[in-house]
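I'd like to ask you about the structure that follows.
Order as written gives the chain letters A, B, C and D; numbering starts at 1 within each chain.
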């Protein structure tokens, strides 16, 4: 066994980390969009991710819909779910203290998870094989086609979301609503509609993430959302919550950091070190890596 | 107006009456507590209503009450969003269990050491709170909670992931009941004290609190330490009840549970917390009949409760912060002046800035600002919007640190001092956009600012002993006198944020003066006032200037006011001082006319 | 009348903020609402623009059927191509389409967006791109300083520039009725005059203006009619020139007692 | 009208009291997670227990007494377990407790049974500490050291392995216990554990750990987790190019879900188990057939262990009622401790002096996408 670091191992771990990070990034994108617009840590987001995975699962296995159609279908259904959750559980609390909607978000998260346990059954399910897995061995570094698809899809969706947020009219409306809802209304922007659209977009992304996770790891379960949700949320904060490229960056950093801690420090301390990194980043960049600390005007 | 005043008097009499009966009230409370205990234990012994099962649930209720009340101190009262409370509970549980099980220590010291260890954890976790706020603080504390859990997971002395079984079952209903009652009383006493007001001030407006002399660093850490201590005690009680602990029992969901309790009960309401602890503990048990659907129904009910009571079951109901007497109406205002008055023996320059400049990301907001204020001067600082006037105030009060140059106050360099230290030394200010503690009463706004000499300690506050009563009475009396000077005494028990605009401006000045300053900085006091109000303000500033022997520096756009009031005017434009002269000369100054006044004003 | 408000009542919880306020604005007029702090001036504006729901009363607005883009030219015409709308039942975002635009108190610009983005948001409801481009020019003519700073983040502007931006943004929807809430608040004397000059110019192009202002002397100088609001009800009303001479107004709001 | 209904009420009451007098029901409390993260395990346990309840009652009960199982959810958390156990004992007055399912919950729940002198029989809690709680606590499964020993012996002797790697869940007492014991016996037998890696609950990406394991190139890879995680690991291991290592596991592997999740990656792996579902022994055949008929799926290890526990309980109930002629917790405890040859799916079972079962283990191989019998190892 050769000692010390070797390059192929480092590269391999980087590949592993990027693949994991792209899943975090996809979920973090949704977190960040929702947070950006209503300043709500949407704890239910991880569970929408889980629902998305199941929507895709049932579409493919029960209704025999091909993957290319099942993906947009699951994304659409998740979007509707996300909007419904917003309308029923968050919108009535828009004038209430922010922490009240945080608690309903926790409630919705518990609700979706328990509904999942009851109606999707508690047992984890193997995900249908959609594309044959191809594995390439490049100089001792193993890369699979699914890893590449995940990374590519995460980047593509991030670019798409960035384009929507920074280049389109609805995106401008989103940013306006996120700064000042009342002022946006005075511009003729239907703030409720814009918030609904944001939830829909974020939820659709989560569903895409859910299907990819099912596809890549070949297992989905009703409780899968909790852990991914928490990690992705941390990723969104690391990148600077509310900032679209920040979510991507944060997700990839979380993924790579976790993998490198396992590879070169200790797998036992993985989560402790991941959170320690988070705290250190926040102490030096209190608004996340890409976030700009807003100076309070006195 | 008259009826309002009457109501306040009635209230003040009412509270004074209860004050007088404090001893009796304490006895009644104690009696009630004892009766509650004997009722529960009696019913349990007799086997009526309360079986072992229900007694056990009541024990969880008690433990959750301690968790909730202690988190409420951090989250509800101090406004620091913490998601790591389970971490403190874990420390307390493990340390206490280690002591009794492995070292064979008795229960009481084990609980105490567990709580102390958790308090140390609170000290560490409190540190990020000094830099972070809101959701970011929440994430950092969540991270700490998880780190604590992972560390325990890797500690084989306490069983790692397998946990620690066979912990002696010391926790009885009496223990939990007594500790919960103690927690409630101590936190309540703490909240209704000088220290508690400082905590609430931080929640309401950290910047304003800091400039009113509240050492926010110290008080935030105090909140975390005290909160963590009780969470640690709750952990110790929990461990010795369940007799088996493992790291998964103190995961993120446990912190969430504590959060749910305080939000459901009402942030900032202790009685609400107790009620919610009962609901949150009992509800899943009551739903056992629904088997698989139990958690579905539980989460639905949680959502519905929040939708229908978004401010919690109790809101902040039990708190008015007006439980103390309102002071003696006849005592002369002169005492206050004397108390607040600065010594008059210093050398003439009170404040001196030397070459102060201030950059914001490459933009120079203030450059080479030199100014000398002499004892008793009344100076105006004017200039176009964006000229750097407020920035100068922020540098003087320590809210912004000057990029270069230095500030000297009464011969001391205060350039790098914290706002609260600067306030302690004798500089107070008001804000352009009024920053009152707007959810608190008028009286409390002033009380927060008040500091006597040798203020009573936290222990005295908690025990309601020593200097506590006499000082509280004193603070209250003097605060009322201040309010009277500003014509606000008949509104003492109103919520500050609901006062009319002019009254808010006056209250902000009263609050600033209550800190006993030698130099008062007023940032656009006349903004949004009509001519009549402005005129009254002019008289008021003149009067307090005289009365408290103050030096005053004033930012204002209302030239009428500035010209009539100030002995000297400094004009800033784009960060540069373009004039420093007597009012009569300022209006003739060409540069000032071009940059600020415009032709017609002359 | 362009806007007719009758017997408007607003409650904030238990507080009765407006107690039956009635007033009107005709096409092309500047009407000012003056009063002490807390009298309810801002509440009136926020109720008109739909941010607050009245508990009682009516707000009738005349609109040209051809849409707001012809609003300015339609000023003063009372032809048949109009319809009446009751504003009480409309959500805030629908009012812009009807030709009502509010410049809120405290400016409320979008600080992280550029000046251009802010102005574009003002034209959010419009689809006539060419006309919008013309209006950019119009705003830059009114406020040359905004043109210099068009690519800057709005939050970095000085207070006066932010007020200009807020007004420019309000004009980008080409309103028939512009609601201005305390435009001179916290501004240096030089700027206050500049802002009032612009208000007069905006009005000259035909836009009706409802001006809520603390600075009563300036407001009365620029307005044609005025209402004095005291603790939630109209205390005095009349032409601006008359009110400026009224001893009660002089004592309470003009500071020349 | 009134009289008619009165008569009816009296009649109903009479019948009810007659039934109650005739033979007191045997009330057994079952504590198992039917909500929460580990509900999938709890469901299997509940399924098997309720199947037994139905069968035993259709056989006429035990000594003429009907069995009634009261299921209480423990959500997989210790605090809820304490409540569930306490409720069953003080409210429902159960004769005995079956469960809890996980070791954590058992550690929190069993002391309450012990304190109230109610026998507790956990089907599945493998942590050694559980039965050490007291003389009223029994279990139907292997303890951690046994399976670790069985599989390390198998690796050393049958597979002739020299080096081993292990990958387990750091937060899970079951997998950690198995990992530690495998290491202990494997190294005592002359092998060497070259890499030991961990992960956390709920994770599904193991590529970083597996990359390290690949570099160490061990002969066997010890994966002592449940099927739902093991399937992911083996799949990712093969993808990353771990070709040589033979996968080894324990009873957690036993589930019909393992094969669809793992796919062909798990081919050639071995694991220890309580029974072989394809066995021709009549007890096994009947159990598998009835379970499939009732629940439309094959029983997993948890269901099998619960079935074993039910068999133990049935034999002890029989013996105790025969002896004292009534339902009595103390007699039941003694009868449980004296269990000799209770017939479950794992064969004949007895308890040692620590109230742990003495029963053989089978080793199964994954072959052609099916579990195949390899060997039986007696304790």
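The criterion applied here is as follows: contacts are C-beta pairs under 8 Å (C-beta built on N, C-alpha and C of every residue); 3 or more make two chains touch, one makes a residue touch a chain.
The model shown is predicted, which means the values in this text are computed figures rather than measured ones.
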| item | value |
| --- | --- |
| Contact-richer chain pair (by C-beta pairs counted) among A-B and B-D | A-B |
| Inter-centroid spacing, chain D versus chain C (mean Cα positions, whole Å) | 74 |
| Whole-Å gap separating chain A and chain B, where each centre is the average of the chain's CA atoms | 36 |
| Intercentroid distance (Cα basis), chain D paired with chain B, Å | 53 |
| Distance between chain centroids, defined by C-alpha means - chain B, chain C (Å) | 39 |
| In chain B, residues with contacts to at least two other chains | 153-154, 292, 295, 432 |
| Chain C: positions in contact with at least two other chains | none |
| Chain A, residues touching no fewer than two other chains | 114, 117, 268, 271 |
| Which chain pairs touch, all of them | A-B, A-C, A-D, B-C, B-D |
| Residues of chain B touching chain C in the complex | 363, 382-386, 432, 500-502, 524, 527-535, 557, 559-560, 595-598, 600-601 |
| Complex interface listing, chain A residues touching chain B | 35, 39, 41, 89, 92-93, 96-97, 99-104, 106-111, 114-115, 117-118, 230, 233-234, 237, 241, 268-269, 271-272, 275-276, 278-279, 282-283, 286-288, 295-298 |
| Residues on chain A engaged by chain C in the complex (per definition of touch) | 169, 172-173, 175-176, 179-180, 182-191 |
| Partner chain D, residues of chain B touching it in the complex | 51-53, 56-57, 60, 153-154, 160-163, 165-166, 169, 241-249, 284-285, 288, 291-292, 294-295 |
| Residues of chain D defined as touching chain B within the complex | 34-36, 71-73, 75, 77-80, 82-84, 86-87, 89-91, 103-104, 107-108, 111, 115-116, 127, 129-130, 132-133, 170-173, 176-177, 201 |
